Each structure stands twice: as structure tokens, then as C-alpha cells.
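In C-alpha cells below, several structures.
Look for chain A in each of the two complexes below; its partner is chain B in the first and chain C in the second.
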Partner chain A sequence: MNELLQTISPLFPELVVAVTASAVIVVDASLPRERASAALPVLTVVGLLVALVGGPAVSAQGTYFGGYVRVDEFAVFFRTVFLLLAIFATMVAPAYLDRKRVPAAEYYATVLFSTIGAMTIALSTDLITLFVGLELMTIPVYVLAGMQRHDRFSNEAALKYFLLGAFSSALLVYGFAWLFGLSGSTRYADIARTVASTGMSDAATIVALGLVTAGLGFKAAAVPFHQWTPDAYEGAPTPATAFMSVAPKAAAFAAILRVLVSGMGPLAADWATVFALLAAVTMSVGNVVALVQTNTKRMLAYSSIAHTGYVLAAVAATGAGAPAGAAVLFYVFAYGLMNLGAFACLLYLDIEGTRGATLDELDGFARREPLGALAFAVFLVSLTGIPPTIGFVAKFFVIQPVLDAGFTWLAVVLAFNAVLAAFYYLRVVVHMYMYEPEGALPPVVSPRLLSFSLALSAAAVVVLGILPDSLYAWALAAAGPILP
Partner chain B sequence: MIEAVWLIPALPLAAFLVNGLFGRRWLRHATGWIASAAVGLSAVLAIGVFLEVLGGRERTTVTLYEWIGAGDFRVDVAALIDPLSTVMLLVVTVVSTLIFVYANGYMEHDAGFHRFFTWFPLFVFAMLILVMADNYLLMFVGWEGVGLCSYLLIGYWFDKPAPQQAANKAFWMNRIGDWGFTVGMITTFLVFGSVTFSDVFDRVGVATQANLTLISLAFFFAATGKSAQLPLYSWLPDAMEGPTPVSALIHAATMVTAGVYLVARSVPLFVGAGPSLEIVAVVGAITALFAATIALVQVDIKRVMAYSTVSQLGYMFLALGVGAPAAALFHLATHAFFKALLFLGSGSVMHGMQGEQDMRKMGGLRPKMPVTFWTMLIAGGSLAGLPPLAGFWSKDEIVGAAWNEGQTALWAIGILTGVLTAAYVTRALWLTFGGEPRDRHLFEHAHESPAVMTLPLMGLAVGVLTLGVVLGFPPDAGFIHTFLRPVVEVEGLAPREVEVVTLLALLAVSVAAAIVGILIVISMYARHRPDPAAVSRASGPVYRLLVNKYYVDELYDRRIAGALRALFGVLWAFDVHVVDGIANGLGRLSSLGGQGVRRLQTGIVGNYALTIVAGLIVIIVVYGGYAAGLWRR
Partner chain C sequence: MAVPLGAFIAVSAVLFSIGIAGVLVRRNAVVILMCVELMLNAANLALVAFSRRGGFPDERGSVFVVFVFVVAASEVAVGLAIVLSAYRNRPTVDVDEIHAMKG
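Let's turn to the complex of A and B:
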């Protein structure tokens, strides 16, 4: 017994989340509907908090399970990010789920299962662990997208996401197969050794690298693998959109850091420029298309593509060492906080189906829901990258290593894009604060839990924007293990 | 205690947050007492800090956290607690406390009560940051903060046009001055590689005289904006559109002295900077005289006090310029008390007169408002420079310093201004309290203010009565001089030994000047010899020049603002047609691009998959190109 406990203790947070997910389903089945809808979010959040708080205490750092899993500072950082995002995604959802008659237990359980997958990716030292984690994370997200079963768009979103996701997974697994063929191992360390000796000389390496780039690029929603994003984000129930716009993306970057930066680090000089190009194209396309959107949900979907571009820029700069890795981690954290928050702010408006509010429907929103509008404004300002918010600090940390790595042109493109983004982000603020509420506007609902969690995260966005030091120091420490 | 110094600004900040968040719905009138209690506690803490500094801890840096650490540029959020900042802390918190209490009564019937008590503690917070900062950058944060609060509070009655315009004017003129601050700060960093006071002053030797002249004049330019000196003074009289407690605290006692503090703090930079100190002295002296002449003919009681403030700040700069920073700080402290008292007294008069500010409608109020009268009389005597009141000691020291420095002309200006000062304050008090009531209706309804307002008046009056002797006796060697010595004693600023005979002679001249001024005015107004009306008729053009404040506003508006407007018209056209053209063009271009990409977003899964494959092929080709050396990195 003791031995068993010792064996599984490194995976304590993952196990707690898994147990919580199962408990959610069981409790839902055994309680009457009203009591269940009150108890489930509490149960979910408590489970996640136990994992969050207990994790560092119980799960010691080291390599486990025959070397397939490694708990290091990197894994701990991402675990924290995923758990926080899951807590946030749970707390903003209850009122919406009730209103739209979305089965609540399934929502929470799917979020939890997806979180386990994301955490597994961060733990991986091996392509197999990584792929298991990746699929464990994405399959629940397909379900999340289609959770509003009676809505046509929700169904369409889920199906599209599933088909394309499966396609990209196939590409990725094909790439892994090539890597295995090259090195005879699925361990990152072995792969790194092999590619270090072969370099880019043979076609097999090139094909493998290309397939992995495309597969992971899809998961992170990089252009030109991004087209599923707006459709899936727009059709999914809004709380699900909020979650799937951040957690899978954060996980995709965890995977990119593990596979490309540690596994194929020796080729960094070769893929860095491709990633820089990808970054530039991704942020520019994301922002330019976001500019013409009139629906805020779709606008945020495109803007999330632009943010992928910013993080890719930091990935491209990993040649500059730990600050670039830290920039990726910091940006992922910041992005999760502010983007989830921004999507969640749309939950204040009761609109039919899964549609998000149009700009006109947000006219005078500040008058109708002052707190929600303030939180929305904070998130948008942060997404734009204006001080004193975490969004500004995150962009600042990205630009420095990009310059150090010699991609001056990319830094210029990035700065230019930040200006472009201000147009459409601040336009929302203008509509909320400077227009009179006129005509037939969708009714405002203000659930307490939603307001509470948004107030909390908006405050965090500002506080971390002023005092980013300790978080950055942590990100720097977490970036250590993955950089060669 | 000193380690807890950050509590001092934290308390007003907390009051600001609490009142701002919960004031309108729940706290309402409780906001006033919350803010007052917070500031009062800060004052207690400040006294504790003062006692410790007095106990021998002359220089302590309390770092809150590292604020910016980018390469060579490192700035901490840190407080520098030395005698200079301690004096400022004390003045700011103690005077604030009394004014906050007073404002509870004064603002009682105002609909925006909670709003007032949200901005008011925020101002105190910003002011405390300004005086505590251990580097120029953090000081600039406070500097801008007080400017913002000043703007908000001048325009407090935002539904009326005049306060709005006054707030805008104050904001713009301060921005012009702030430009000097940024120039000074950036140059300081370029020359010294740091903006922290201790680093900069330790390395003064590395700078050339030209460097120092540029830095010190840039900072002095900033000071003329904040402290309302020539040429950037004209916003201050207009700022009287704000509520009277605001005028008393921000536009008399504290914020406007920020410029004096900045120059006093930077004295090591001024000393080695060639003509800088002379320029400070001359600008100060001329401003003092210039503003005093305008104050002589104003009919609005608050405007008299506003010009008087400009004039007294001129004295402080004169003191700094002639190398007597201790005297400047001394006058700053006493002025904070007596001028705050004069403003609060004016407010009390207005409160009892249904908001009337025109002295031509007052008169004979003495029996109706005894407390206000007596306290204002004390403050007025102090302003006029009558011994043994506070203002006498500090002002006399400044004028004496000018003499000792050999600046006879500046000394003469100081004495002449002293005559005018005594005259205008006597005139104002006489028009308000003396003679016959000139508006029967207002007079009948006039009443003394409630205790919540008169008690702070008495508190300040006690300060005015005692501070001079407590801090400044004997002259040039009083408590404040020994206390400040470690900070203000800079190489090249040696205190001069003065013979007792000279000292007494200077004293006599100062007092005589004050008495002459007072006697002339009493003779004019009480006995009509000569009659004020006749005098103003006889001196027609001069009188009109003064009443119209030397036409400076008109000059600024027509000439400078006109020129700027023409320039801005060109810039605006450039902006609209070229910059906006580019921006809009870019936006339109982007939109077109966006529409194009939108068309690619067909919604058909097969097309998407095709795009993915296309992207994959492009990437493989690019990688292959690298490998084959087709294109270089």
C-alpha cells in the first residue's frame, strides 16, 4: 500500500482532478437537479484547489514511470496555469449553463478531463506521453464545443473542430513516427542527440520537422492552420469558448517547448526563422481580420490567433536563452488570465443561441453593468498591451529576447501589430463607455459568482502588471529545464 | 517607526479606495470622517517619524520594492527620510488634517460630498509620494499625481463652465512645466546614469557646468509651473474656482510648494550650475513684487489670497536663490499655516455670506464672525510680517539673506513687496470685517460657521502664533536651521556670519515696511485720507493695468495661444490629412485585406484541410530550402 502511494504520489494533482471529474458525474446522478447545479461547481472548484495547493507539497520533483514522466519546475508552472484556468472556467459558467440548459455535470467533468490532458503534456519526457496528453486534452474540448446540443452552430463547431483536429493529430503522429524512425526512440533526449548529429542534412528530418510544426501549429492556432478557430470559438457555448481559447493553447505551447525546444533544440537555428515567419504572419493575419469583425466573440477569436503570433515570436527567440523561454511562459499565463476573462465578460448579456454580442449591442454597457464593463475594459486594455496591465509586461518580456535573438524586423512587426490591435480592442471600450444604450438591447444578467471571479482576475491583471517580478522570476526558473 | 513610513501614504490611499468604491451608495457622509481619520493617523505617524529623525537617524532609505530594473536603469520604489522630507511630511499631514476636518463642515451640503472626499485623500497620497520619493522618477509620479488631483478638484463643480476652464488652464500650464521636469530627469540620467538622489548628488563632480545648468534650469522651469512663478503663474488665481478647502490645501499650503521642494532637494545641482541660482532668485523676487501689486486691487477675496500665494512663493524662490534653503523651507512651513488659515477664513466668510466672494458686498462682519475675524487677523498679521507671528521670522530671514548675500536690489524688492503685502492684506481684512456693511441683505443673514469649521481655524491660528518662535528663534540659528543643516549645507553655500547690529537694523527696516503698509491702508479706508476711489482715479492707467492683471492673460491668449493655435491648426491639418489619412488608409487597406481573408474563411471543412496541407508543404519546402542552402538565414 505504502509503495503504491509512493508510486502514484508524483501524479497527485492529476489524480485529484481525475477523481473530482468522476465524483462530479456520480454526484450529478445521485442528487436532484436543483441541488446538483449548486453543489457541482463547488465540488469542482474544491477539487481543483486541492490539486493546486496539495500538488507542490505531495508531488516531489524527479523522473517517474520508467522515465515517461518528469515533474520539474516547468511542469509545476504549467500545472498551476491549467488548474487556475480550470477554476476560472468553472466559476464563470454556472449561470450560463442553467440558462441555456446545458448539462452542467458534463461541462465540469469535460473541463476537468481536458485539464488532466493538458497537465500530462507538461509532464511529458516522451512523444508517447505527449500524444496521450494531447488527445486527452483535445477530445473533451471537441465535446465542450458541441455541448449546447440543441444549437445548430454548436454542433457545427464541434464537428468542424473534431474533423480538422483529427486531421492535424494525424499529421502530428505521422511526424512523431518519422522522428522515431530517425532516432529509434521516442524520448526527447534521444531525439535531441540524434538530430544533433545528423543536422538538417537528410530529407527525413525535414519532413519530420515540417509535420511536427504543422501539427503543433494547428493546436496553437497558428496561421495557416488557424481556420478552425473562429468557427469553433464562435459556435461553442461561451464559457466553453473561454476555456478552449486558453487552456489548449497554453498546452500547445507546453508541447512546442517540450518537443521543439528540448527535443529538436539542436536544430533551433533552422526552425527559428520559420517560426519567426509563422509568428509574423500569424499575428498580422489575426489582427487584420479581427479589425473587420463586428461580433465581439468572433473578434476575440481572431485576436486570440494574433496572440498565438506573439508567443510564437518568443518561441522563435529561444536561441536567446532563458529569457525567451520565460517570455513564453509569462505570456501564456498572462494570456490565459486576460483572454478567458474577456470571453467571460460576454456572459453578462443574455443572447439567443451561442452567438456573442455585436459591437452595437454593447452600446452603453458601462451604464447597464458598471462592474462587468470595468472588468471587460481592463482585460481589453491588457490584451492591447497598455500599462499598467499584465498584457503590457508580457509583450515587453517578449520583445527583449526577440531583439537579442537578432529578429529586429520581427520586433518591429510585433510593435506594429500591437498598434493595430488597439483599434479593435479599444473600439469595444468606446462602445461600452461612450455610446448611449439605445434600441432593443439584449437583457443584462449579472450572476454574483461571475462578477466575483471577474473582479478577482481583473485585479490580478492590474496587480501583476505593476508587480510582475515574482511571477517572472518563477517563469525564468520554469524555463530552465526545457532549454538545452 | 521609520520602517513603517509607507503607512503614511498608504492610509490616505486606503481612504481613497474605500471612499471611491463604496462612497456613493453606502458611506455617503461617512466618507468625510474616514478620510479625515486616515489623514490624521498619517499625521500621527509623521510626528513619530519626525521624532526618530530628531533622535539622530538623519538619513534612512526605506525600499518598498524594485520598480524598474532594465539593464543599467534601476529604480526602486523607495522613500528617503531625512530632515528635509520630514519637514514636508509634517507640514503636509498636519495641515491636511485640519483642512480635512474643516471640509466636513464646508462641503456638508454639497451633492458631490463623497466625490470630494475621494479625490481629496488621493491628492494627499500623491503629495506624500512626491515628498518621500528617493529618486526623480518616483517624485515625478507624485508630481503628476498632484497635478491630476488638482485638475479634478479645480473642476470639481464640473457642471459650471468657469471651473472647467480653470481646470483645463491649470492642467495645460502644469503640463508645460512638466516638460521641464522630464527634460531635467532624462538629462540627469544621461549625465549621472541614475535618477536616485543620493547617487546623483554623490556624483555631481562628474558633470560639466553646462550639464548642471541645463538640468537645474529644466527643473526650475518645472518648478515655475507647479509653484506658479513667472511666466507660468496665471493658472493659480483661476484655480480659485475650486472649493475653498482645495484652494487652502492644494493651491496654498502644499502642492504649490512642490516646486520649492524640488529646487531645495536639488540644491547640489544648482550650486555648481553657474547662473542658475541667480536666475531663481531674480525670478522669485520679480514674481513676488509683480503678484503683490495685482493683489492690491483685486475685489474677490480668494483672488487676493491667490495672488498673495504667488507672491509668497516668490519669496521662497528668492531665498533658495540667495543660498538660504533653510529659510525657504522655514517660510514654506509658516506660509502653509497662515495661508491655509487665510483661505479657510475666507471660506468661513463665504459660508456665512451665502457663497459671496466679492469684498465690495461685505464689510462690518467682525461682530457677526468673531472667531473667523480674530484668527484671520492673526494670519493676516503673520502675512504682513508683524512680530512675533510666524511669517515675520521666516520672511525677515529671507530678506535678510538677500542683503547678506550682497544682493541689495533683491533686498529692496523684498522690502517693497513687504510694504505692498502689508497693504493688500490690511485692505482685504478691512473690506471684509471693518467699516459699515455694504450689502444689508447679506449682512443680516451672515453668521459664524459651525465648530467643525472654526476649530481648525483655531488650530491653525495656534500654529501661526507659535511656529515662528519655536522653529526660527534666534534668527538663522533656530531649531529648523539646526534640524535641516545636514541636508541643506552644501559645499559652496556657506552660511555667513552676520553682525548683530546689521541683523537688528534689517529687522527694523522689515517691521517698519510692514507698519507703513498697514498705516497707509488704514488711513485710506478708515479716514479716507486719501480716499481709495480718488487714488484709483488719479492713477488711472496704472490702476487699470493692475485691475487687468497686466493683461497677461490677454497676452497669453492673443499672442502665444494665438500663435500656438495657428501652429496647431497646421499640425491639425497635417494630422487629419496626412496622419489620419495614413492611419485610415491603413485601416481601410487592412479591412480590404480582412475582407479578402474573410472570403477564404468559407466554412467548408474540406477547404480548411486543404489550407493546412498547403501550409505544411510550404513549410517543408522552406525547411528543405535551408537544408539545401537555397536561401540563407
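Let's turn to the complex of A and C:
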């Protein structure tokens, strides 16, 4: 028994989340509807907190399960990010799920299962672990997108997300098959050794690299693999959108760091330029298309594509060493906090008969819901990258390694894009604070738990924007195993 | 007489290409799903072939295939459920006709 506990203890957080997810389903089946809808979010958050707090204490760093799993500072960082995002996504949801009659237990359980998958990606040392984690993360998110079964927008979101997601997984597996064929192993370390000796001379290496880049590009929503993003984000139930715009993207970057930066690291000089181009195109397309959107949910979907571009710029700068890796981790953390918050602010407005909130529906929102509007404004200012917010610091940390790696033109494109983005983010703030609605004030619902969690995360966005040092030091330590 | 490794890989490349072409050309959601399965099986074939004939120390590729099976099965389960619930609201599986959102 002791031996068993010792064997499974490194996966303590994953196991706790898995048990919580199962418990959510059982509790839902055994309690009457009203009691269940009150108990489930509490159960979910408690489970996630136990995993978050107990994880570092129980799960010692090291390599486990025949080398398929490694708990290192990188994994611990991403575990924390995913658990925090899951807690946040749980806390903003209950009122919405009640109002729209979305099955609550299924929502919490799918969020939890998806979180386990995301954490598994961060733990992976092997293509097999990575693939299983990636699918465990994505498949629940397809369900999450289609959770409003009687809403045809939700159906469409799920269908498009699923078809392109499955397609990208198939590309990825075929790329993995070629990597295995090249190196005879599925370990990142062995693959790195092989590609270091063969270089780019081999056509098979180029095919494998291309397939893996395309597959992960789909998951991270990089242009030109982004077409599913706006429809999937707009059609999905808003709390699901909030979760799926951050966790799968963070997980995709964990996968990119593990496979491309540590597994294909020896070829970095060759793929870095491609990634720099991808980054420039991704941020420009995302921002330009976001400019013309009038629906805020769709606008935020395009803006999330632009943010993928900023993170890709940091990935392209791996030549600069650990600061580039730290920039990716810091940006992913900051993006998760502010983007989940921004989507969650739309929950105040998501009343029957509206699709997200059009800009006009936001007129006078600040008078109607002062706290919600303030939080929304903080998230939008942070997404723009204006100090003193975490979004500004994150962009700052990205630009430095991009310059050090010699991509001066990319730093210029990035700065230009940040200015462009200010236009559509701040337009929303102007609508909320300065415009008067034509008729009555917009109808809002303001659940207390939603306001509480938004206030908390908006405060975190500002505090970490002023005092980013300890978080950055942690990101730097976490990037160590990937980019020494 | 052993079939050479190249032959297996050639077949897997053909299967994969048919799969990609199908995903890009066909408009029926269920057929697209079948084409994705074809792509996954192309990867399986390549993995098994490399694993048996690649001259590598272990057969980890064959282990990978088992995981791909499991994932493919769960993907089909979720995928068909999504197609079905879309079909209940609006009786079509043509992805060109499912386009309420634009922009």
C-alpha cells in the first residue's frame, strides 16, 4: 500500500483533479437539482485548491513511470497556471449555467478533465505522453463548446472546433510517426540527439517539422491555422469560451516548448525564422480583423489570435536563451488571467436573445454595473499593454529577447501591433463609460460570485503589473529545464 | 520474401494524402470524420512499420499505436455526438450549410 502511494504521489495534483471530476458526476446524480447546483462549484473549487496547495508538497521533482513523466519546475509552473484558470472558470460560471440551463455537472467535469490533460502535457518527456495529454485536454473542450445542445450557434461552434481539431491532431500524429521513424524513439531527448546529428539535410526531418508545426499551430490558433477560432469562441457558451480561449492555448504553448524547443532544439536556427514570420502574420491578421468587429465576443476571439502572435514571437526568439522561455511562460500566465477575465465580463450582459455583446449594448454599462465595468476596463487596458498592468510587463519581457535574438523587424511589428490593438480595446472602454444608451440602460445580471472573482483577478492584474519580479523570477526558473 | 519498409511508408503516405484531400474537398461532416480516421490510420501504419522494420532497439512505436486507437475511438464518440446534436436542431450534415456566424 505504502509502495503504491509512493508510486502515484508524483501525480498527486492530476489524481486529485480526476477524483474531483468523478465526484462531481456522482454528486450530481445523487442530489436533487437545486442542492446539486449549489454544491458542485464548491466541490470543484475545493478539489482544485487541494491540488494547487498540496501539489508542491506531495509531488517531488524527478522522473517517473519509466521516464514518460517528469516533474520539474516547468511542469510545476504550468500546473499552477492550469489549476488557477480552472478555478477562475468555475467561479464565474454558476449563475450563467443556471440561467441558460446548461447542465452544470457536465460543465465542471469537462473543465476538470480538460485541466488534467493540460497538466499532462506540461509533465511530458515523451511524444506518447504528450499526445495522450493533448487529446485529453482537447476532447472535453469540444464537448464544452457544444454544451448548449439546443442552441444552433453552440452546435456550430462545437462542430467546427471538432472537425478542425481532429484534423490537426491527425497532422500532429503523422508528424510524430515521422519523428519516431527518424530517431527510433519517442523521447524528446533522443529526438534532440538525432536531429542534432542529421540537421535539416533530411527531407523527412522537414516533413516532420512541418507537420508538427501545423498541428500545434492549429491548437494555438496561429494564422493560417486560425479559421476555426472566431466561430468556436463566438458560438460556445460564454464561460466555456472564457476557459477554451486560455487553457488550450497555454497547453499548446507548453507542447510547443516541450516538442519544438527541447525536442527539436538543435534545429532552432532553422525554424526560428519561420516562427518569426508566423508570429508577425498572426498578430497582424488578428489585430486588423478585430478592428472591424462590432460584437465584443468575436472581437476578443480575434484579439486572442493576435496574442498567440506575441507569444510566438517569444518562441521564435529562443536563440536568446532562458529569457525567451521565461517570456513565453510569463505571457501565458498574464494572458490567461486577463483574457479569461475579459470574456467573463461579458457574462453580465449575456441575456436571452443577445449573441455576445455588441458595442452598442455596452453603452452606459459603467453606470449600470460600476464594478463589472471597472474590471472589464482593467482587463482591456492590460490586453492593450498599457502600464501599470501585467499585460504591459508581459509585452516588455517579450520584446527584450526578440531584440537579443536579432529579430529587430519583429520587435517593430510587435510594437506597431500593440498600438493598433489599443484602438479596438479602448473603443470598448469608451462605449462603456462615455456613451449614453439610446433607450433604457442595458439589462444586466450581476451574480455576487462573478463580481468577486473578477475583482480578485483584476486586482491581480494590477498588482502583478506593478510588482512582477517574483513571478518573472519563477518563470525564469521554470524555463530552465527547456532552455538552459 | 519480406516487404521492404519503403513500401509500407509509401502506402501510409498515400492513405494520409487521401485523408487530407477528403477533409479539404468533402462537405459532409461524417465523411470528413472518416477522412480524419484515415489520416490517423496512416500514422498508425507508419508507426508500426518503423517500429518493426526500422532496426530500432525497442518497439515503442507499436505502443504508440495502441494509444492512437484509444484516442481515435473517443474522438469518434464525441464527434458523432456533436454531429447528431447539430442534426437534431437543423437536419443537415453539410458543413457549408452550417454557417450562422460570419465576419
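Note that in this section the second predicted complex is superposed on the first by the 477 of 484 C-alpha atoms of A that agree within 3 Å, B and C clash if a C-alpha of one lies under 4 Å from a C-alpha of the other, contacts with A are read in each partner's own complex, and residues count from 1 in each chain.
The definition used in the following text is that a residue touches a chain if its C-beta (ideal position, glycine included) is under 8 Å from a C-beta of that chain, and two chains touch if they have at least 3 such contacts.
It should be emphasised that the depicted structure is a prediction, and the values quoted were computed from it without experimental measurement.
Placing chain B and chain C on a common chain A by superposition gives a fit, with no clash between them.
Using the contact criterion defined above for the overlaid structures, shared-chain residue A:Ala214 touches chain B, although it does not reach chain C.
Rounded to the nearest 10, the angle at the Cα centre of chain A between the centres of chain B and chain C is 160 degrees. Judged by the touch definition given at the top, the superposed model places A:Val285 against chain B, while chain C stays out of reach. Applying the stated contact rule after C-alpha superposition, one finds that A:Val53 touches neither chain B nor chain C.
Of the two partner chains, both chain B and chain C are touched by A:Asp231.
Of the two partner chains, chain B is the only one touched by A:Leu467; chain C is not. In the superposed model, A:Val42 lies in contact with neither chain B nor chain C. Of the two partner chains placed by the overlay, only chain B lies in contact with A:Val274; chain C stays clear of it.
Residue contacts after overlaying the shared chain place A:Ala203 against chain B, while chain C stays out of touching range. After overlaying the two complexes on the shared chain, residue contacts for A:Leu171 are found with chain B and with chain C alike. Put simply, the nearest alpha carbons of chain B and chain C end up 5 Å apart when the two models share chain A. Overlap of the chain B and chain C interfaces on chain A comprises residues 159-160, 163, 167, 171, 230-231, 292. Here chain A touches chain C in the complex through residues 127-128, 131-132, 135, 139, 142-143, 146, 149-153, 155-160, 162-163, 166-167, 169-171, 173-174, 176-178, 180-181, 184-186, 230-231, 234-235, 292-293, 295, 298, going by the rule given at the top.
For chain B in complex with chain A, the touching residues are 65-66, 586-587, 590-591, 593-595, 597-598, 600-601, 603, 605, 607-609, 611-612, 614-616, 618-620, 622-624, 626-627, 633.
By the touch criterion stated above, chain C contacts chain A in their complex at residues 9, 12, 16, 19, 23, 29, 32-33, 36, 39-40, 42-44, 46-47, 50-51, 54-57, 60-61, 63-64, 67-68, 71, 74-75, 78-79, 81-83, 85-86, 88-90, 95, 98-101, 103. The residues of chain A lying in touch with chain B in their complex are 159-160, 163-164, 167-168, 171, 200-201, 203, 205-207, 209-211, 213-214, 217-218, 223-225, 227-228, 230-231, 269-271, 273-274, 277, 285, 287-292, 420, 423, 467, 469.
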